[in-house]
């Protein structure tokens, strides 16, 4: 049981208080570690603040070593390791990319102790990779690169061909004019790469007319290579982000009874349109008098509609906020969460598009809104927001 | 009442004459203010034209201070502030981004008067932000960045990791060869950022073979980072623009009786295709004899079709210009607005695509066009453009 | 009548022989003119080849002057000018962008004759714009920029704000350290623009720590600005190209009886998929034995299928090449045009996608192919490609 | 027969063992050849290792000469040459792009033998193009450039106009201030191209105020040109990749009986969604206990489901892995290929989207999954994965 708690606390996505505190400590340690490594490389700071820098360095090292050990011990509690024995689970953690980096992050301290070399502190630069685990988009990035590996490989090959060919030609044209810059193909390669990437340091620049004409062509190639890589990665990344959002939303939408009632095919469709939102208890979701540009479905949790007379409570599968979208008036009441809730937000653009394309969904929402408006006109106190998707009487 | 008028005049989107004049004055003041700050930084101009520069500086300062006060007084007239008390409304204006910048723009003059420091004039550079309020796309830009914040954050993190790691390695490779350029990691960071962004100043350039190989890899990373940021922002921005246009068009289309007649689902569909157009009275919309590449729906306002015999007047919900699209002939008559009108323009590409996909809409337009052509053949004088969507006799 | 012929010959899109010859001469003259201007700017060439350069210069000038006069005379023959009087037509040509450039191109010669200034030859650089009239995509480019003017304007404004703000701050940080590079805001602006665009000449580089931190931020902004402009223009351009292709194809498809038979809604759909192709008489369209990756519809013209026995002729509205797509075998016969023809090419990808989505179209094509294969099996000589869409007997 | 085998072995896509070995040797030879050319250009290496470099050079030359001859002999075995006589086939190989490069790659050795010039070794740089044949995406790249040639041509023309116009103006502004850098238009062109491409060497930089204002404008143009080329190529490339993947998948999907049963129109639709996968015999496709994020269809080959009791064999047209997608539980069994197989992978995102849009397909998969789960509950040993699309009893 303890292992499971440890594992939960160490998870980068943990939402509980101890997990969040640990994450904060982790980030502070990483920043401190990188700061120490940077400061230590400046001669005068290294001389003046040797003791302080060393102390922080060992502190950070110790923290990451401890974090590594805890993760190793808690590895069997990982749900992905459910079918393994504890030692197999530990081994597969060690063999994973995250495990390798955790181990590397634990090493700079012991290494410096063992070797005593002052440069050992430089190894602490591996701590910069500790941030990576907390970047949610990087996993997607990896998948994009893996999927686009064939066209990317082609572009890089074209890149290589352009660089080698242009360096060889430039060597031919310039070797007598500037023997120190273009005296060999490897030397000319330095010029070629700085030119194709349009970096253009300007430390080696061709001077002969044919050399300059070639250089102009190489620069234009550089732009085209840039354009192609850009296109390949950009398209793939946008697609991957969309897929990731769909999956996350689908998992939530599929559990909402309201959508299941309207029909199975609506789930896949609205999962492309809704945006899930985790809201803590007591947060104001919509505020009376503000313009309304979205409506909400409650996936889990509960909200309270602050009506003049008495508050009205809505729960799982209910929706609210549609009246402002239909009538164009400002919000008629403030809505506050009373539990930590997962809401699904439908923006006005998607709302209007959806109303046109799904008459079945439109009818359900319009009927509910009609009843709510009617009720609020009949007795403005009683129920300006009625429950739907549950059999509660008005 | 006066407050409401003041607020209306100060709105950046105001279309009335006083609002437009004020906007012009505002832009002139901003340009003058920036010009003064720039000129004042050039030593010889500061010496020769001190009096003139000071005068313009105080004039611009006074203008922005006055604008700030008027906006503060008129704040309760803002419709978004409808549910607040006047002082609450003023406070929420002060706390908004626009309010903060308005206040900042009012300060340079008083500050210079108070301190007497000649450099105080430099504060006037904040006036450059006064343009921002008038850039309609910037709000969209903000939303794009907010939505794409997760992938953008990942890219910037990758950026940071690449810069820190490459600076550390380059420091290792080059610190003995070029101690003044790569003598510490912070110094190497300067090289790293200029290289990853492919700026390539060329003031610090690695010279050792491993240093150059690393630099080549860093340049290629720079291109990939560029490509990724490009993809993330570009996709998001294009999407946001499309959404913004849809919303604006939907609000107009939903009020046109013609589309409401054809069916509810057509509104969302055509809102993606039409482009709203504000036309002042007396403007020529189509000219007889020109090729026709679009048709128009009248959302509000009225136009006059200049027929040989007597002009024909069309009003809200009518359409015109479809005959040229259907027959491929040039425009058969000139059409002029007789009131300030909001027209909805349907381009030929979308027209043809829509005719294929929406047979119901196609039938209505084709029937109307058929009747009009028939009428113009029968009595070319009487009614070459007939009214539709209203029961007016031909 | 003569005017109409002149106008037709001068049209950039003219396909007739005299028009093509004139176009060739026009391009040769433009290249010669630009070459002369370039050569004349090199001191030693100007001295050695003064006479030759002058002769070519006047020849090119005379050509463009003559072209301008002919265009002016022929202007009333322009179909767009049909509703004007001849002088109105000439005036509207003069007032158009093309007319202004034609006039400018006629001026360098007279100007040099009149002033005698040697630098007058430099005016010939306007001839570079003569190419623009022949670039078919530039009109689309103009429309893209016009449509995206609002977001582009916002990006350029953001650009301006970044440049002005960064130059002012850098002036603050660096003015004492490098007074010759950052001694005034205008001087710092030079650094700022070279940095934001990631050009990075390296002639003025900040040296103080805060100046360098700011410079790093400015470089990253540069990348983001690049990314945004890229996104805005790229999306718009791709869209505009697609629209242009649709329109051009629709105009051809709408005249093909075959598609009109299948149903009206199919025209808009296939217009997105087909690519029109102008083929001269006697060209080989498909060659026996080659793999087949597309089929063709004949919009206008006629082709001959070279069968072993006797050739089969197909005309307007027929199609061919579908058997290779359906069976996966190589082409069974060579097909040659016998008249200048306009073919509509359907690629294998779109063919397969369309077969799935339009069962009605699929049925017609499959039936025809079935009959053809049957016939070729029954009597391989007689009719391996049968006519369709015409009542000709097999 | 021997020719066919030779041709098969030399094909870049050959999957058989001799073909793969030859490919490896080919790549090693190419790398060695390029290495020798690079090393030979460095003076001191050329002097010290002349013999070794020469030996490797002749070895590589001999290899490529032999490869060229074998390809020439085997050319008639190329299926694309099926309708030609052997000598025609050889000629068309020689005339193809690949043939020309193969010939060029065979020449450096003989050339050096014949001329004896030490620089002849430099010709070996053509070997860098030998990689190109093995880059699968380059054919697509060629098609993209061919399709986008009109807009690309426009952009390059605009590029040319900007460069020529800016060089001429900068020559006017700067020729007296910096006669060695801007003394002629050709000299100024060098500056212009380095600036428009945002390379910015910094070797020639304008110094006068108007020259700098112009330079700023040219840099911004550079960014816009970059943005436009980027957009044109990126859109085209992404589209081409998608088309290529569709075609490859369609050819596989169309042979799977399961999809043919569901209906013809489903083939085109799922061909956009599935990803083909070549798996050797004995590979683990899914592993018991892992989370499931995709399902598989077997196009050709066979897999074994490792159930506790006895393994279950699935063959052509069967599918597996759908239970994890439907229930959200980890994989219930390990699946291993027993023959080299072609699988079609359906990712969870596309699975869920497809289930919503194609109720017919959904029903078939749901029914099969229901029967499998029922069977595994009734007798967990017997058949937790049942066959479908074949009449095998449970």
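By written order: A, B, C and D. Residues from 1 in each chain.
One rule holds in what follows: a residue touches a chain if its C-beta (ideal position, glycine included) is under 8 Å from a C-beta of that chain, and two chains touch if they have at least 3 such contacts.
Small disclaimer: the values here were computed from a predicted structure and weren't measured.
So if I look at the partners of chain A and the partners of chain C, which chains show up in both lists?
Both-contact set = B, D.
Among all chains, whose Cα centre is located farthest from the one for chain A?
C
So what angle, to the nearest 5 degrees, turns chain A so that its CA atoms land on those of chain B?
Copies differ by a rotation of 90 degrees.
Between chain D and chain A, is it the same set of residue numbers doing the touching on each side, over half shared, or a different set?
different
Of the pairs A-D, A-C or B-D, which has an interface that repeats that of A-B (more than half of the contact pairs shared)?
A-D
So how far apart, in whole Å, are chain B and chain C when each is placed at the average of its C-alpha atoms?
28
Could you pull out the residues of chain C that touch at least 2 other chains?
186, 198-202, 226, 230-232, 234-235
Can you name the residues of chain A that touch chain C in the complex?
Its residues touching chain C are 198-202, 230.
Provide the residue numbers of chain A that touch chain B in the complex, in ascending order.
So the residues of chain A touching chain B come out as 34, 37-38, 41-43, 122, 125, 128-129, 131-132, 135-138, 140-141, 159, 186, 189-190, 193-194, 197-203, 225-226, 229-235, 237-238, 241, 288-291, 330, 347-349, 352-353, 355-357, 359, 362.
In their complex, what parts of chain D are in touch with chain C?
Where chain D meets chain C, its residues are 80, 82-84, 150-151, 153-155, 157-158, 160-161, 164-165, 168, 171-172, 183-186, 195, 198-202, 205, 209, 212, 216, 219-220, 222-224, 226-228, 230-232, 234-235, 243, 246-247, 250, 264-269, 271-272.
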